[in-house]
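You will see chain A twice below: alongside chain B first, and alongside chain C after that.
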Partner chain A sequence: MSILGTRVIRTEDPRLLTAGGVYVDDLREPELDGAARVTFVRSTVAHARITGIDTSEALAQPGVVAVLTVADMTDFPPPPPPTPIDPDAPPVEGPMPLGGPWSEPLLAVDKVRFVGEPVAMVLTDNRYQGEDAAELVSVDYEPLPAVVTFDDALAGQTLLFDGTDTNVSQRRDGAFDDSAFDGCDVVVEGDIVNQRVACLPMEGRAIAASWKDGKLTVWASTQNAQLSRLILTAIGLPPDAIRVVAPDVGGGFGAKIGVDREAILVAWAAKHTGRAVRWVESRSENLTAMTQGRAQRHHIKIGGTADGRIQAYRLDIVQDTGAYARMSGFLPSLTVLMAPGVYDIPSVQAGYKVVMTNATPIAAYRGAGRPEAAATIERAVDWFAAAAGLDPAVVRKVNYIKNEQFPFVTKTGAPYDTGDYEGALDKVLAAAGYEELRAEQRRRREAGEVKQIGIGLASYSEITAPDPAAGETAKVEVHDDGTATVYTGSSAHGQGHHTAYAMLVQAELGIPMDKIEVIHGDTDLIPVGVGTYGSRSLQLGGTAVHKAAIEVKEEAAAKAAQLFEASASDVQLDTEAGLWHIAGDPDKSLTWAQVAGAAEGGLIVANVHFTQERPTFPFGTQLSLAEVDTETGKVTLLRHVTADDAGTILNPILFEGQRHGGIAQGAAQALCEEILYDADGNPLTSSLADYGAITAAELPSFELVTSETPTDLNPLGAKGIGEAGTIGATPAVHNAVIDAVAHLGVRHIDMPMTPERVWTAIQEAKKASAK
Partner chain B sequence: MSKVSLTVNGKEITADVEDRTLLVHFLRDVADLTATNVGCETTSCGACTVLLDGESVKSCTVLAAQADGRQVTTLEGLASENGEMSAVQKAFHENHGLQCGFCTPGFVMAITSLLKENPSPTEAEVRAGLEGNICRCTGYHNIVQAALAAASSTSTASSTSAAEAGK
Partner chain C sequence: MIPPSFTYRRASSVDEALDLAAELGEDAKFLAGGHSLLPLMKLRFAAPEYLIDLGRITELSYVRDEGTYVAIGALTRHHDVNTSALLAAEIPLLAHAAGQVGDPQIRHRGTIGGSVAHADAASDLPAVLLALDATFVIRGGSGTRSVPAAEFFKGIFETALEPGELLTEIQVPKPASPNAWSFQKFTKRAIDWAIVGVAVQSDKVALVNMGHTPLRASAVEAALASGASVADAAEHAAEGTGAGSDIHASAAFREHLARVLVRRALEESRSRG
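On to the complex of A and B.
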């Protein structure tokens, strides 16, 4: 029996469980002996001109190696000249960080634009000295008004960037035509905020660097070493003078795609001072200066027939991108792409504006633009169902893209590959006991009980491997001792790639997993790789490994045939025993060690760069059951039932683990997490004492239902599962809580649905109904 | 500077450290035991949880000097001398209770302590008991499963040994 599809426990675990992982702060490499600690001096104001920096007092402190400001960066290559911007031209479109007047500096030059922006860096012998000295760097600020809200940014009274006349850095007009809603029996409009949240990997950002003999070695907590190396060439070195190593990485969730400006500075400091350096950010730095996610405000309009057919949907997005446009229009363009979700809607109109604010930059966070789309269409469908007086499950069924319509291109241009939306919904409704839950809801409502329940549904489709043409690399080697080594361009940070890829090789070659080593995240060993983000690793990286193993097998078959003095077509591999045979002669066999030993250099090797023709579109339905105490507003999640379909499942344990983590993060956004600023742009959630990260005490165990609809875009049949849980969970929980109090007249509650917000919504609905 | 002497995983370690040295930094920088991680600076996340005289504490909020003369157990001290994982470690492995691994040492120590206080907890008791630890990867589902599995394996083991002792 093949190992594929079976519950294999992880090979990564024993080391992590007995010795702990080796994260950047744990590295004891000889090159990092005596490494100086880097401490950043960060802006304490949201928007100001810098009128002076005095480092003298800090420099006099014990243990201080250097205090570096922008004035020290004379050995940096000059920045490219600013791109002239035609004031009449529309803002640029595209996923890249913006240049020209919108450019993000490394250390602040003459202005700071968010609390937490790096202004200077202090190098000390140890970490405590760094904290002491950094406090003594004196920065003079001339404060400017802060742009904090969506409306502040759109009003443009205060501009973040000189040389511009707007805070709107990019836009895509939706070409809105209201006639699409002509003839609709039911039309609903409203605003939905998808609030700013922290990515919050448990290990924050961390970088160590050493400069020796003309080569820079950088250890980075990153989701992709190869992209990090490309970014680090900014310090004026060619790629081959830089080695980037990703050691164990304590979570990423999109915020560690590549490396940030601090990493470039740390790498430069190693070269500039000649001393090895290490920077490990504190949690307060992490919560103010690591990129954050979501931060979109939506205005929607949805309309359809009285019997539940949605005819038209319009989505108008404002994306707060923070002080610097790291991904600029890319996130809202994914929101536009995924706007109609799982529904076959005849007219879909969507557009966005990207605005700059004096806040932490926004970039990818688990889902990156797609959760925002799902959250809003799923709220909109519930609004529409409520207005039409129909069951939300029925409205979803009526409007789904049907199985026979795949492949299906949506009105926004998304080429959905495969799906069984109704199947996933039916499985969830059956597993949850939907009718019984509705009956219990009716009973509690009729009895006027204090604790009411709500049932929230969310159906979603999402795009995974959104950059399929970039593909992924793999090298598989079989050695003359019978072991195998896999080199992958994917970059594991908790997902279990080492287990998954070893399973693929064992399945193809019959070499047992404990004789297979998987290596990732070292640009000297793997110069070409794309990394792990966008739920791409199994379908692209895994397929590359699978194909490389097949190529190794083909070459080994030819070698075995020579050794057997037989024709290659008569040679067979017994993948259970890992032995080569000749057809019809089971007694004669060769081991992998013998076959590889006969190859040139005692090695059989294959390199594959797999690219996929199109992205894949996983889908599913999640049902959340929430209980609301109508006297206090407190929400308790009672159950969460999901069918998340990401094609063929390689290892159910890993698959479930990705779903569990995603569901928790999605529920967290709905219930308790939000990054907040005061009116002056001061962060109010810069520690875990203030930021409401979800814990075990606020969640139930999850009930997972299996749905498995393969894609035909790769030979594994696999789509991505890294982000699906998050995408489905936020609207399912959101809808559940509102459903619990809908009979009291509550139509909407913005996230996070804290007890205060739920209680206030109930009071306002009571007041409105009393009028 | 103060002289501090701790017994860490059964081994005595003495060093002169700054008065303000946190226990977690003593463990990481002086004892060179790096499994214990720092995940916040507000006693919120529990990544730094260790046992101090057998009870779980967050080592980012304890001064090394406060641990002077006391026993500290870290993740590295849980497996038996022949390398066999403890019941909690085994349960994490078998139940996929970890992904990136960064919060794991803290969770393993917190659960080790929790099961000592309450050898057969309910799911609700496990969840309430883990409120001071944050994991961002697992959604806690399999951590809770691991804690319950470890509880049932140790209670099975102890009832078996009790039965054998009674023979």
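On to the complex of A and C.
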């Protein structure tokens, strides 16, 4: 029996769970002996001109090695010349930072634009000295009005960047046409906010660097060493003078794709001072200066027939990108792409504006643009169903793209590969006992009980491996001792790649997993690689490993044939025993050690760079059962039932793990998490005492239903599962809570649905119905 | 997240702690479980020059039957209060409430004395001890004195403790009907401090996080005393309080919660007792 599809326990866990993990702060490499600690001096105001920086008092403190400001950055290569803004040119489309007048400095030059922006860096012998000395760096700020809300930004009365006449850094016209809604029996219109949240990996950002003999080595807590190396060339070194190593990484959730400006500064400080350095951020730094996610405001309009057929959908997005446009229009362009979700809607109109605010920059967070699309279309469908007086499950079924329509290109241009949307919904409805839940809901409503229940549905499709042409690399080696080594360009940080890839090699070569080592995240060993994000690793990185194993097998077959003095076509590999045979002669066998030993250098190697023709589109339905205490507004999640279909499942344990974490984060956005600022742009949620990260105590046990519809875009049949949880759970929980109080007249509640928000919505609905 | 530097001193007895406090003066702070003080130091909101660690003063860790009252040493951890068989039988409100503080890690470090001395209006035990009419035993250079809970909590993080004084014991009278209790702690997440909390022992009602100090809901108690129904009495829950607004709740919502939770607490305590 093949090992594929079986519940193999994660090989990573014994080490990680017994304090064997080695994160950046744990590294004791000789190159980091006596490394200085970096402490950043960060802006304490949201928007200000810097009129002076005095480092003298800090420099006089014990243990201070250096205090560096922008004035010290004279050994940097000059920045690319600013591209002048042409007000008449169409706005640029694209994922990368904008450059030009919008560009993000490394250390603040003459202005600060968010609380937490790096202004200076202090190098000390130890961390305590650093924190004390940093307090003594005196920065003179001349405060400017802060741009905090979507409307502040759009109004443009205060501009973040000199040389611009707007805070809108990018836009895409939605080609809005109201005639699409003519003839609709039911039309609903309103605002839905997808609030700013923290990415919150357990390990914050961390970088160590050493400069020796013309080579820079950087240890980074990152989702991709190779991209990090490319970013670090900003300090004026060619890629081959830089080695980036990713040790154990305690989560990333998108915020560790590549590295941030702080990492470039830390690397530069090592080269500039000649002393090894290390920076490990505190939780407060993490909550104010690591990129955050979501932060979109949507205006929607949805219309259709009285019997539930949706005819037209409009999504008008304002993306708050924070003080610097790290990903520019990339996030809302994914939201636009995924706007219609799983529905075949004749008219879809979607566009966006990206606005600058005096807040922490926004970048990818688990789902990156797609959860926002799903959250809103799923809310809109419920809104529409409620207005039409129809069961939301029925409305979904009526509008799904049908199985026979795949491959299907949506009105926004997304090429969906495979799907069985109704199948996933039916499985969830059956597992949850949908009709019984509705009956219990009716009973409680009729009895007027204080605790009401709501049933929330969310069906979603999402794009995974959104950059399939970039592909992923793998090298598989079999050695003359019968062991194998896998080098992958993807970059595990909790997902279990080491287990997954070893399973793939064992399945193909019959070498047992415990004789297979998987290596990732070292640019000296793996110069070319893309990394782990966008739910791409198994389908791209895994397929690359799978194909490399096949190539190794083919070469080994030829070698075995020579040793057997038989023809290659007569040679067979017994993948159960890991032995080579001649067909029809089971007594004669060769081990992998013998076959590899006979190869040149005692090694059989294959290198593969797998690219996929198109992205894949996993899908599913999630059902949340929420109880609302109508006297206090408190929400309790009672059940969460999901069918998340990401193609062929390699290892159910890894698959379930991704769903668990994702659902928890998705539910957290619906119920408790939000980054908040006061009117002056001061963060109000800069510690975990204030930021409402969800815990196990707030969550029910998840009921995970299996649905497996393979893709034909890669030989594993795999799509990505990393982001399904955050995409499906947020709207499922959102809809459940609103459904629980819908009979009281509540139409919508913005996230996070705190007790006060839920209670206030009930009071307002009561007032409105009393009128 | 990194505290300023300080000098650490350890006391192994009450006398030594008092001597150290007298010697080091106003720049010293007692360290019990550290779960209120250390977070403040890490955020640099507090910067004591000296910490006098009380953690090894085992003579202050006990739950003792004193006949009409239960005596609890100031260094008794929340976990030990929570699991005390004596308290479960005689004062179940206190045992239960100690089990609602933070999470298990916090309950194994934090102490009842630290919670009382810190006097955070959002903390659970100060209000519970106020409802139970506890008495706090204080030792200082000039001897020992006892302060009733009603006179102990003075203002925001301000108590009857003078600098250098040590809270040594908490004396809680045994209620006549121990089972007539309820503790309603309203939080967004299990680990959180109360947005609002209500402690009820028979007709005595105290409020968590409804002002600068833990408060007795005197208007509710007066209404009950004059024969009002539970529902009517509960309507007075926000009277005389001074709830604040923050990112977790507005003052108006806190007042609403106080009314709902007082009603629920009174109903529950009556159904139990």
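Everything that follows uses one rule, which is that the second predicted complex is superposed on the first by the 769 of 771 C-alpha atoms of A that agree within 3 Å, B and C clash if a C-alpha of one lies under 4 Å from a C-alpha of the other, contacts with A are read in each partner's own complex, and residues count from 1 in each chain.
What we mean here is this: a contact is a pair of C-beta atoms (placed from the backbone, for glycine too) under 8 Å apart; a residue touches a chain by one contact, two chains touch by 3 or more.
Fair warning: this is a prediction, and the values are worked out from it, not measured in the lab.
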item	value
First, second, both or neither for A:S282, with chain B first and chain C second	both
Partner chain(s) touched by A:A19 [first = chain B, second = chain C, both, neither]	first
Touching partner for A:T685 - first (chain B), second (chain C), both, neither	second
First (chain B), second (chain C), both or neither touched by A:G454	neither
First, second, both or neither for A:A697, with chain B first and chain C second	both
Partner chain in contact with A:P731 - chain B first, chain C second, else both or neither	neither
First, second, both or neither for A:D132, with chain B first and chain C second	second
Touched partner set for A:Q665, first chain B, second chain C, both or neither	first
Chain B versus chain C as contact partner of A:G250, first or second or both or neither	first
Partner touching more residues of chain A, whether chain B or chain C	B
Overlap of chain C and chain B interfaces on chain A (superposed complexes)	127-128, 282-284, 687, 689, 695, 697
Touch list for chain B against partner chain A, complex	18, 20-21, 25, 28, 32, 34-42, 44-45, 47, 75-76, 78-79, 83, 85, 89, 92-94, 96, 98-105, 108, 123, 126-128, 130-145
Touching residues on chain A, where the partner in the complex is chain B	9-10, 12-14, 16-23, 25-26, 28, 127-128, 200-203, 248-251, 253, 282-284, 493-496, 653-654, 656-657, 659-665, 687-689, 693, 695-697, 699, 701-702, 725
Chain A-touching residues of chain C, taken from the complex the two chains share	1-2, 4-5, 39, 43-44, 186, 188-191, 195, 247-250, 253, 256-257, 260-261
Touch list for chain A against partner chain C, complex	127-128, 130-132, 135, 282-285, 631-632, 634, 671-672, 676, 684-685, 687, 689-690, 692, 694-695, 697-698, 754-756, 759-760
